[in-house]
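Should a chain be cited, it is by its letter among A, B and C, assigned in written order, with residues numbered from 1 in that chain.
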């Protein structure tokens, strides 16, 4: 992290309205390479809406997102053509869903899932595609012998790790995660989080992770945004916000966390 | 030789009040107008009764707690940065290269072994992986952590063992400023002696140390100056 | 008075034909692209070639000569009934000889005899969308075609190789048209894929139930998908045709008795017949093999 380094993604005044209902209101944030930003809040806080806006899955009612592309040029994400946007989603970005079935093709083998992005960007050598898939399966600690198995035969934790491998294969610079540890056993969560920490450190990944679990935020993220009713309540370094919460809602959230 | 400013930390007029919204907004003023300096090569000890805010001062210097008034300046070369007003990214940067912290509690990360916990801290400070690991191993050895524990995650270690991992993590890097919160609390005589030696070595290297020690003996052996925090009671 | 029902020429009303012809023109203008069209009710159920029949009906003229084949043969039930259908409703001349026909409607095969300029071949297509089985959503597949987003098709081929050691797709083998659109060549065996490439004839594809028409104008580039290290390979037969001795045609396996006897003969009956009448001595093998 060098001084004067440009932000990877800058969101300004992001707002999503559903008629009179507020999905999220006036959210601004910066994201830099190599950092993990957690968006925490309870159900209905707007955190998932914010993630969807940032990943351009939703269009905002107001606001802008600027993103520094691989070639260094900063672009307005909602001004991109559909083809460009999809290309970005498939190469420079990753998205890990809470439900692995949304992020994987359940009818395609693990190897096919991991290789899909490569094939989508023009890889045409079966041997190389397979070798790359084997490499990534090993890195996410999935037994390589399972490369031809369908994800329907995988446990929840394995499916999440497969999702991560599937996304990482094109060396994305930004990964969005929506409650990736939801519904997993504690030990499985630990393994997953450890993997993510390693990837962030080794690849200089930028991550936006939505979670309602403060322990996950504390473990994984450098910075934190607390949301409630669609608005940002408090933001700062993760340890700052969790150890020295200033806003009433943040204090409530922190005190309510069973693990502390 | 012209006397240059050797202060590395300058705390000026720092005030901290906790507002407890869960108790109907009751305010808890803790500290008022805290001011002091720490120079390279010295160990300043924070004194005072329990609960007075000693840990609070360390946490504010580290950027963990935010302040209500005043400034906390830290010098890097000729450049002064106010920790209290720095952006979150700048605070992270300061922690990486400038300010080290040995806290009272070790926050354990599942699945990461003790050696790796310590080596990671060195790598964050800019050390190359092999050197970081070697230094980590050296410190753990000096703190009498048996090698068979090095690959194990510290979550299952005893309090004293965890404390020693904490210490190793704080000392492995070469931060110019080092904050120590009761570093010898659960240690036996031998390990306390090791820590005292660490502190002395760092003083010789020009590090500015700020520490809280409940053990009078240790305090006597490392302290260059003492600050009575009750002076700043809010 | 007996009520004689008289049909419009080739059964369909002129407006319907016009609509379908418009779709055909669009399809020709964008080779390989699936053009939606409003499929009409035909006097045969879906799955029996209603798409092909509607295309043929729309382009048929009184001076056309029609050949209809099913699996390469003129005399199978499906081919016979469609041929009779057009003979009755259009009164056009029909033929079994490929070289004589101006329009050839086919199910599942391309004739062995090379087609010439001026000929039209109409394929019957069940599922026009090559990505359908991997991506069930029409909204998604349309986007994929629009954005040339075809990685998924290679995923299917990858799965084949992973599972079988080679690309196991034997028919309806996906192709790229003019390096732009991914197309399903209809359930013709992959053996026939190369015939589609740079053909002098106009190739039309009709899917009645799915309501799509697509086309390959003459001399269109059609390339079968593959991997560098698993290139597209035509099926090779080990033996020649038992009837005419041809070594480069697609062969059908015919069971001759109930003790396991079998022989391999040209699937294209007209072609085989043609070879036999042209050179009677060509019968290289005993029929009783």
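Just so we're on the same page, a contact is a pair of C-beta atoms (placed from the backbone, for glycine too) under 8 Å apart; a residue touches a chain by one contact, two chains touch by 3 or more.
From a predicted model like this one, the values you see are computed outputs, not experimental measurements.
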Per-chain Cα centre nearest the global Cα centre, belonging to chain: A
Maximum centroid distance from subunit B, chain identifier (CA atoms): C
Whole-Å gap between the CA centroids of subunit A and subunit C: 47
Centre-to-centre distance between subunit C and subunit B (centres being mean Cα positions), rounded to whole Å: 78
Mean-CA-position distance for subunit B and subunit A (Å): 33
Shared-contact residues (touching 2 or more other chains) in subunit B: none
Subunit C residues touching subunit A - in the complex, by the definition given at the top: 134, 143, 146-152, 154-155, 158-159, 161-163, 227-230
Subunit B residues touching subunit A - in the complex, by the definition given at the top: 19-22, 25, 59, 63-66, 88-89, 91-93, 96, 107, 109-112
Residue ranges of subunit A touching subunit C (in the complex, touch as defined): 82-83, 86, 105, 107-109, 111-112, 115-121, 124-127, 129-130, 147-148
Residue numbers on subunit A that touch subunit B, as the complex places them: 1, 3, 32, 35, 187, 190-191, 193-194, 197, 218-219, 222-223, 236-237, 239-240, 243-244, 246-248, 251-252, 255
